[in-house]
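Reviewing the structure listed below.
Order of writing sets the labels: A, B and C. Residues in every chain begin at 1.
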Amino acid sequence: MADKHGSDSATSAGISVQTMEIVVALILFGLGGMVVFDSSRLGFRWVEDGPQAGYFPFYIGVFICVSSLVTLAQALFGKKRGGVFVEWAPLRQVFSVLVPAAIFVLGIQLIGIYVAAAAYIAVFMVWLGKYGWIKSVLLGVAVSAVMFMMFEVWFKVPLFKGGYNPLGFLGY
Amino acid sequence: MGIQRAFSRGLLPLVAAFGLVAASGPVAAWEPTKPVEFIIPAGTGGGADQMARLIQGIVAKHNLMKQALIPVNKSGGAGAEGFLEVKAAKGDPHKIIITLSNLFTTPMATGVPFNWKDLTPVAMLSLDQFVLWVNAEDPYKTAKEYLDAVKKGGPNTFKMGGTGSKQEDQIVTAAIEKAAGVKFTYIPFKGGGAVATQLVGKHVNSSVNNPIEAVAQWRAGKLRALCVFDSVRLPYKNKVTETQAWGDIPTCREAGVPTDYVMLRGIFMPAGVSDDVVKFYIDLFTKVRATPEWKKFMEDGAFNQTFMTGKDYADWVAKAETLHYGLMKDAGFLAKK
Amino acid sequence: MEEINALFHGFSVALTPFNLLLMFVGVTLGVLIGVLPGLGGANGIAILLPLTFTMEPTSAVIMLSCIYWGALFGGAITSILFNIPGEPWSVATTFDGYPMAQQGKAGEALTTAFTSSFIGAFFAVVMITFLAPLVAKFALQFGPPEFFAVFFLTFCSFIGMGKEPPFKIVAAMMLGFALAAVGIDTVTGQLRLIFGWHELMRGFDFLIAVIGLFGIGEILLSMEEGLSFSGRTAKIDPRIVIATWKKLPKFWLTSLRSCVIGCWMGITPGGATPASFMSYGIAKRMSPDGAKFGTGMPEGVVAPETAAHAAGTAALLPMISLGIPGSPTAAVLLGGLLIWGLQPGPLLFVEQKDFVWGLIASMYLGNIAGLIIVLTCVPLFAAILRVPFSIIAPVIIVICAVGAYTVHNAMLDIWLMLLFGVAGYAFKKLAYPLAPLVLALVLGDQAESAFRQAMLMSQGDVSIFFSNGLVGSIMALGLLMLLWPLLSKLKASLLRQR
């Protein structure tokens, strides 16, 4: 998985690689710190019958902290790996998938997977694919219906119906 | 527990009869209106899982319920995931849960906030036994011989394999240690089948597997059963191995190790459900118990077939909780506050 | 040849029209189950188990094991087409399978995957047929120290192979270990790294991380490049199967090695997942094209698929002969055996000849049926890539959400999946490698408990890992693999001096 994006076009505007490196390294450092903190609560020593519950996590946390610090230092002081992490226009594209996906997940939480999925597919098709409403809604409902048959009816795997469960009348 | 059992045996036909009358009476009894989720607070393939899936199969095969019964494994956090879900589903009549000892041990050992009182007890299906096993190639013929050897070997020389940490197997081990004045090195494994295999491969010296977990190896002459941790011998007289039936295994009490421990295989459901609902499920499980498949399963796994409902059941569970608290406290397994 | 006779008897048991029908139904259902992430073979069999209670045990196990074969085949499909592994052991298939699909060679990648799976399974079945008792004894040799040694070997054959900055490799791998540690510690029963948040008790399931990091992450990356998946313009030619077959024989050595690794991991039972990673890692070390792995080499598909399928098949042997399941799916099948009134264990081969040999015969037939079904569908699967992006993308996200949910039936997991998706996008762009993270997440937990069980056994003495020939030689092999890049460099410089 080589990094083939955002390499040489340092001129155009966007989030720089350096900024992203720093942000990710800081997040990792924070996570590592949390791991170290909780492991020291559990006990991280090597006692007579081997390591305690926190032994491995402790050193894992330490490794995460150290390696993220090195990455951070490289990003701050090292040879500037210039370039843009992502330009604004593609970033907008990414968000145009990410934000609806987040809304979709929120939708699952509220109205359940089936209704949310039908709506999500339809809206996505109309908005990003420029399909007609009728076609989009039909496809969304069809996918949802197939899923419903497969999971609820045939395999008997109940999926999340949401806080409000609009399909409650179906008896599943 | 002997008195308890005698009591419940007397009560059983009564309860069954009552259940049937209630179901066939003219009053429109409650029935599930959608599939019932059957939560298993353990992973796939374990004892509770096998029992739950057998019940699902029996219910489907004999058409005991109009709606489907759907087993769902929620094994996270030593089963706490499943219990917390049922606790949160207050008043939901379409959710039941099968328990093992982790009903008591998990909250005590981890401090996760739930208690059986957060749930409605439905019925005790059976009690699972524990047997002390050693490798058949080892020289020990009786529990006494083995424990003498353990004592002679000094603390932490002999290894006891078991399922999970601070759960039933380790509690039983702690109880033996207390009764016999010995000290094992307890090695936790993920499942009962793995423990039996480790014992056959001589990576541990003994185990306290449930009968069903070790029966295959016993029949093949790889393992030897030393004693059973119950107050009376098992009632099953059919030969399982060449020479022995379950009933031929002495109790640990007879063998000079005064410990007994049985594990609850019972059904609970969320709090705040009506009596009609509970009655429906009691009736359902009474019918399940009457099927030949269930009887065969009970015999294969040498279960103690005690059945209890209502107040008896709740009382039994309360007593078992106190018992577990004592055992866990003695062994130092309680969560640090 | 007593086994041959028994096997032919088995064929006569398995080859009734009804059983053949069940075989095809089973494989088709299995492929469907394998394709849907989250709904793996174990779930599928658990769900369909009750349906089989009214059948003959032999017919029932034929159908269920065919679901299993189908699921093994099916796991590769989404890995190759969308970079979403449907099953844990398909992760290593994405490393080269997905780049192949991106280059428009989806049909070739699928054919390679299916054929390799079949070869792996066939090898394992032949081994089960003739070596069952011997092999079962070998499995008993494995205690905690040996298990740890196996995990050690898996890690060693895999690390140090990336081109990414070394500190990022360490960070990614350690992050995987940290995620694996979340939840209940199996050795002491303590809750770790959940910070009082009980929803985290069940830990981070590997599938959720993988669906997010690989699947959602990939969609976000594709979005950046405009509304399309690369490789969708691929020509779909039904003759692709034959064309691919012509190229495969040259990978015979990789294939054979992967078969052996797979069988070993299936029996011990390390499982299909370490088998696929180990096999991929070793193939990369050994192959002359090793440096090009990860860019779409068919050999990088052959290795993990062969090993995974061999392991998946071999995992049934300890179940039948010892009563220990070598995989979650085998565990569910084991439950089935008990319910049909069959006692798995050393006596099954003696007492239930019809059943055992019927099952073994169905392994041969089921895999052949599976291969025919999936190969005829290759053009169909490849055609999925032609569906316009703005239709397939939301459908994939919906399927990912369903998959994440079904793992634990938990809503939180869907949110986590989304979070992992964002992380996967950022990691890929910043050259943090995902493979070590995933490997650590899958095996970290098991490796740690094996290590600590071994420590309990030896009372804290590390020399237990060299205490007998078996564990010692696996550990030594692991160290050899770890030092391999150094050794090969040394060899190269020596040669140059000469």
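Just so we're on the same page, a contact is a pair of C-beta atoms (placed from the backbone, for glycine too) under 8 Å apart; a residue touches a chain by one contact, two chains touch by 3 or more.
Nothing here was measured: the structure is a model prediction, and the numbers come from that model.
A.B. asks: Compute per-chain Cα centres, compare each with the mean of all protein Cα atoms, and return the closest chain.
C.D. replies: When every chain is reduced to its C-alpha mean, the one closest to the whole-protein mean is C.
A.B. asks: B-C versus A-B: which has more C-beta pairs touching?
C.D. replies: Pair with more contacting C-beta pairs, A-B versus B-C: B-C.
A.B. asks: How many angstrom between the C-alpha centroids of subunit C and subunit A?
C.D. replies: Computed value for the inter-centroid distance: 24 Å.
A.B. asks: Round to the nearest whole Å and give the separation of the Cα centres of subunit A and subunit B.
C.D. replies: 40
A.B. asks: Quick one: report the Å distance separating subunit B from subunit C, using the average Cα coordinate of each chain.
C.D. replies: That pair's centroid distance is 33 Å.
A.B. asks: Tell me, which residues of subunit A touch at least two other chains?
C.D. replies: In subunit A, the residues touching two or more other chains are 49, 156-158.
A.B. asks: What residues in subunit C touch two or more of the other chains?
C.D. replies: In subunit C, residues 185, 187-188, 190, 409, 456, 459 touch at least two other chains, as defined above.
A.B. asks: Could you tell me which residues belong to subunit B and also touch two or more other chains?
C.D. replies: Residues 72, 156, 185.
A.B. asks: Considering the complex alone, what residue numbers of subunit A touch subunit C?
C.D. replies: 1-3, 5-6, 17, 20-21, 24, 28, 31-32, 34-35, 38-39, 42, 46-54, 56-57, 60-61, 63-64, 67-68, 70-71, 74, 85-86, 90-91, 93-94, 96-98, 101-102, 104-105, 108-109, 113, 117, 120-121, 124-125, 128-131, 139, 143, 147, 151, 155-160
A.B. asks: Show which residues of subunit C lie in contact with subunit B when the two form their complex.
C.D. replies: Those residues of subunit C that touch subunit B are 42, 46, 49-51, 53-54, 139-144, 183-191, 198, 201-203, 318, 322-325, 328, 331-332, 334-335, 338-339, 341, 343-347, 408-409, 449, 453, 456-457, 459.
A.B. asks: Taking the complex as given, what residues does subunit C use to touch subunit A?
C.D. replies: 39, 43-44, 47-48, 163, 165, 167-168, 170-171, 174-175, 177-178, 181, 185, 187-188, 190, 192-193, 195, 216, 219-221, 223-227, 294-295, 388-391, 393-395, 397-398, 401-402, 405-406, 409, 411, 414-415, 418, 421-422, 425-434, 448, 451-452, 454-456, 458-460
A.B. asks: Using the touch definition from the top, list the residues of subunit A that touch subunit B in their complex.
C.D. replies: The contact residues of subunit A facing subunit B are 49, 156-158, 171-172.
A.B. asks: Tell me, which parts of subunit B touch subunit C in their complex?
C.D. replies: 43-45, 49-50, 53-54, 56-57, 60-61, 71-72, 74-78, 80-81, 84, 109-113, 156, 159, 164-167, 185-191, 193-194, 196-198, 200-201, 203, 212, 215-217, 219-220, 222, 293, 296-297, 300, 333
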